[in-house]
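Multiple structures follow.
Each of the next two complexes has subunit A plus one other chain: subunit B in the first, subunit C in the second.
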Partner chain A sequence: MSEPVLQIHNLSVDYPTHVGVVRAVDDVSLTVYRGEVLGLVGESGCGKSTLGMAILRLLRPPGKIAGGEIVFDEHNLLGLDDEAMRRLRGAHISMIFQDPMTCLNPLQRISDHVVETIRTHQPEVSEQEARRQATELIDRLGIMAERLDDYPHQLSGGMRQRIMIGLALALNADLIIADEPTTSLDVIVEAQFLDLLKDLQRRFNLTIVLITHNIGVIAELSDRVAVMYAGKLVELADVYPLFDDPLHPYTRGLLNSVPNISLTEDHLQIMSGSPPDLINPPPGCKFHPRCPRAMDRCRVEEPPVKEVQPGRWAACWLYE
Partner chain B sequence: MQQAATISEPTGLLARFLRGRKWYGTEWYMTVTGGIIVTFIVVLTLVSFFTPRLAPYDPESRTGDPFASPYAAHPFGTDQLGRDILSRIIYGAQIVLQVALLSATFSFVVGVPLGLLSGYLGGRLDRVLSLVMDSIYAFPGLILAIALAALLGAGILNMSVAIAVVYVPIFFRLVRGQVLSIKEELYVEAARSLGARGRTILWRYIFPNVIPSIVVVFSLNIADAIITEAALAFVGLGVDPSRPDWGYDIYRGRSELVGGRWWPVTFPGLAIALVALGFSLFGEGLSEILNPRLTEA
Partner chain C sequence: MTEQNLVEVRGLKKWFPVQKGFIERLVTRQRQFVHAVDGVDFEIRCGEVFGLAGESGSGKTTTGRLILRLVEPTEGSITFDDVDLAALSDEEMRRMRQRMQAIFQDPFASMNPRMKCGDAIGHSLEIFDVAKGEEKRRQVLEMMKHVGLTPAYILYDKYPHQLSGGQRQRAVIARALMLHPDLIVADEPIAMADVSVRALLLELMLQLKQEFNLTYLFITHDLATAKYICDRIAIMYLGLICEVGTLEQVYRNPQHPYTQALLAAVPVPDPHARRTAPMPKGEIPSPITPPPGCRFHPRCPFAEQVCSQEPPLLRPVPGDEEHLVACHLV
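== the complex of A and B ==
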């Protein structure tokens, strides 16, 4: 496998609240390799977006990183000062957000957004040169150059989302974190967007962490998949084995609960229960109250993440 | 088909202001008031620029009999010293406008940057500034202005400062509140994720989005400042008493009302009311233009 771009070691993120501390990300370790698309999947509130924001160190207060290490390109991000971190954002790690309708400043033209992003990181680039690059960039995204002088409200949601990718790509970032990039797009625009992203990823060998709750998007785009549950990483594998033969009962439940047109059964298999309260998480494995295969051990002892088969990791006592 | 697109509605702020919005099913209402207000403010500005040429008499010397009731030579009558009231009103406009504009500008210049920083940086600075501003805000405005004016002494500049202090918290609170909500917008977060500097975010993302509400408050503030200025002058804290000032003229004329001499009070009073009304309607109009959601209703 190629070189690692991002290594997360035992990362934990806490949100102190009035009623207790919410551990939104709990002891997660992950490695992202250059040129791969790593899908990060899980239910709402499982900590996947928090993990994304933690990588950029843009957690909203009171959220804070409680422990662990984030190594990007041999630098520990948690040790950088704010200015160094700021220079890294956009230039080396950038982010695409969920809601394209509100992610651009309504009072700035598209060109201002692009030019500003380029010149923030490369002040030596002239205004004209940055504009030329902007034209080239949006051309690559399939948007006409005339639209560069439009304001965000003059563009459609799909176009705005493409502009967001453009901004994320403007400086050839080594890592792009896409947080639910298609959730607010309709299916047709979503499909076009995924095609574009796939195409750009192949052409420029982009490294993407794709955060989504949509299994279909994961299947479409990812090389590897990390499944999160209640702040924990429960399974990590290449996309094909994961879909063919999920190891963790949660992953299995997640895949079964997706409607499938080839299914012969009348009813969708749903997972009973709901994710645990993270202020008072259940003891042992956090999934055991919902797990069809829970054993006594699961109720008391938390399973570690271990390599069950080569390249396939799971946190479950079934594989002990 | 392309021809059809060329028939367009009048655009531009003035046209939109004059066209106004539907009011009780008709559009003419706002058209007429909008027109009157704009004309009024333009006329007022011109008057204060060309005061000496417009005023029929010297406002500070005796040009007729004392307490002459309005007649052709003195359309607004004369005061107890035989000075022409119309001329005094025309000259007074200058002082009122100067004080109102200066004080609104001062409060803007102080309140807006403080509100921006306080809202954006938060923390201890925000707590301290908010405490100070809320204390000023909680204090009755006119009393505070009187106290400050008494402390600073007479004069246009001092009066403006005294009034400005009262209105700084209005700008501060407005801007701070807006910054707090705009700060949470996704486009600010997105800018941050692309490595934008703090000052870029403040000046290019937050500040421009606050401007529309500031402009409206600025105009409403001018209206308020006009009334406060008159009140200060009324209690004798205005400019040098020999100079024409609407508020002070009302003070001097108020005792004449008993004797049936209504004109020394009525005309300056009317002037204050009209100018204040003009600016506050102007502010309302602006807020309708800048807030398209209101217009749609």
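== the complex of A and C ==
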């Protein structure tokens, strides 16, 4: 495998609330390798977005990192001062959010966004040169150059999301974190966007952490997949074995309950129950109350993440 | 076909005027309209799940609201159980709504945050003078058990914010069923729910349909989900229906290039089945000035000259009377 770009060791994130502390990310370890698309999947509240925000240290207070390490380019990001972190964001690690309308400044032209992004991090680049780069960039995204001087509201949703990926590419970031990048898009526009992302990823050997609840998008784009449940990493594997033969009962249940348009069966399998309240998580494995294969041990002891087969990790006592 | 139609929609249009500034109005003098629904015909048969699918801006939600007469049509007629809804007075329409109920996408927005869950579910009983007090409570508790809101006597006194997303959507479903309606207009009823909850809600909706003899108009953007619940489905594009038929006909044998693209675009949860089909260029055009001829022609890979000149009519696919498509090339 290629070199690691990002290494997360035992990361935990807490949200103190007036009724108790919510551990949104609980002791998660992950490595992202150069040139791969790592899919991070789970239901709402599983901690996948929190994990993405924690990497960039953009957690909204009172959320805070309770422990662990995030190693990027040989630095522990948790030890950097605010100024160093600011220089890193955008230039080395970029983020694409779900809703491009709220991420683009409505009073700034698209060209201003790109030029500002470039010149903030590379002040030596002239205004003209930055504009030239912006034109080149927008062309790569399949948007006509004359749209460069439009305001965000003049663009369609799909184009706005393309601009977001353009901004992430403007400085050749080493790592792109895409949090539900297609969730606000209609299905044909989503497919166009995924095509673009796939193409750019291949051409520039991009490293992407793709966070989404949409299992179809994960299957379409990921090389490896990490599954989260109730703040825990429960399974991590290459995309093919994960879909062909999921190890963790949660992964299996999740995949079986996804509607699949290409199959002829007309019944979805149902996973009983719902994700736990993280203020009072169940003891032992957090999935045991919903697990069809729960054993006595699962109710008292939390399973560690273990390499069950080469390259395949799962947190489940079935693989003891 | 001898099945009876519960709803018949004929030539239905809804144009919303575009708001303009005063000066602009003086200068242009021209009124513009959003052609949200621009002449649709279809029928919903008793006891079926009729799907209405399309991307945002296709007019599917407006069509649903028109059927409930939550907005007044610009043109066309809606017949519900042989009654022309346009002919009804406001009071008559209000009473008619006992027989047609709605479930909306966001269960948080469609429940009064200051009303206890049980009271919200039973509110319609009071409004229509069906039951109140202890009797209302009894009926509500029974319905709550039907939709799986248990323990009902505890959840009855909870406020919406104390319920989970799945529970809230169950409460909204229970509320829609309290008056034993014939038709439920369900507008993206499970779009907000998590994957594992969606399957449960779909199953619940199908089970309740049997129990209460319901007919559904199921409005959705999600063709993968529609597959598990709809009997027949209409695909909308820019205010018009471009294809309608049974699920089998539309999914296995799509005739309209737009339907084909829409079906191909749905991401499949299987890395072995990654999509290779190219996607149509561009996005859905503005409904203020829809393209002439076939509305899909600027994006259609097969478009011919006639497509940009004449709007295609919705006609049966040769050899298949029930499967209608609006395309010159079929």
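As a convention for this text, the second predicted complex is superposed on the first by the 314 of 320 C-alpha atoms of A that agree within 3 Å, B and C clash if a C-alpha of one lies under 4 Å from a C-alpha of the other, contacts with A are read in each partner's own complex, and residues count from 1 in each chain.
The rule is short, and it goes like this: contacts are C-beta pairs under 8 Å (C-beta built on N, C-alpha and C of every residue); 3 or more make two chains touch, one makes a residue touch a chain.
This structure is a prediction, so every number in the text was calculated from the model and none was measured.
So, does A:Thr17 touch the first partner subunit B, the second partner subunit C, both, or neither?
neither
Please indicate which partner A:Ser2 is in contact with in the superposed arrangement: first for subunit B, second for subunit C, both, or neither.
After superposition on chain A, A:Ser2 lies in contact with neither partner.
Could you tell me if A:Val187 is touching subunit B, subunit C, both of them or neither one (first, second, both, neither)?
The answer is second: A:Val187 touches subunit C but not subunit B.
Check whether subunit B or subunit C contacts more residues of subunit A in the superposed model.
After superposition, C is the partner touching more of subunit A.
Between subunit B and subunit C, whom does A:Ser94 touch in the aligned arrangement: first, second, both, or neither?
first
Considering only the touch criterion stated at the top, classify A:Ser274 as touching first (subunit B), second (subunit C), both, or neither.
Touch status of A:Ser274: second partner only.
Tell me which partner A:Asn76 touches in the superposition: subunit B (first), subunit C (second), both or neither.
Neither partner.
Using the touch rule from the top, collect the residues of subunit A that touch subunit B in their complex.
For subunit A paired with subunit B, touching residues are 56, 58, 86-91, 94-95, 97, 99, 102-108, 112, 116-117, 120-121, 164, 167-168.
Residues of subunit C touching subunit A in their complex?
Listed in rising order, the residues are 55-56, 164, 166, 194-200, 202-203, 221-225, 227-228, 251, 261-275, 279-281, 283-284.
Under the stated contact criterion, what part of subunit B meets subunit A in this complex?
Within the complex, subunit B touches subunit A at residues 185-187, 189-197, 200, 204-205, 208-209.
Subunit C touches which residues of subunit A in the complex?
Subunit A reaches subunit C through residues 43-44, 156-158, 186-192, 194-195, 213-220, 222, 239-240, 243, 253-255, 257-262, 266-271, 274-275.
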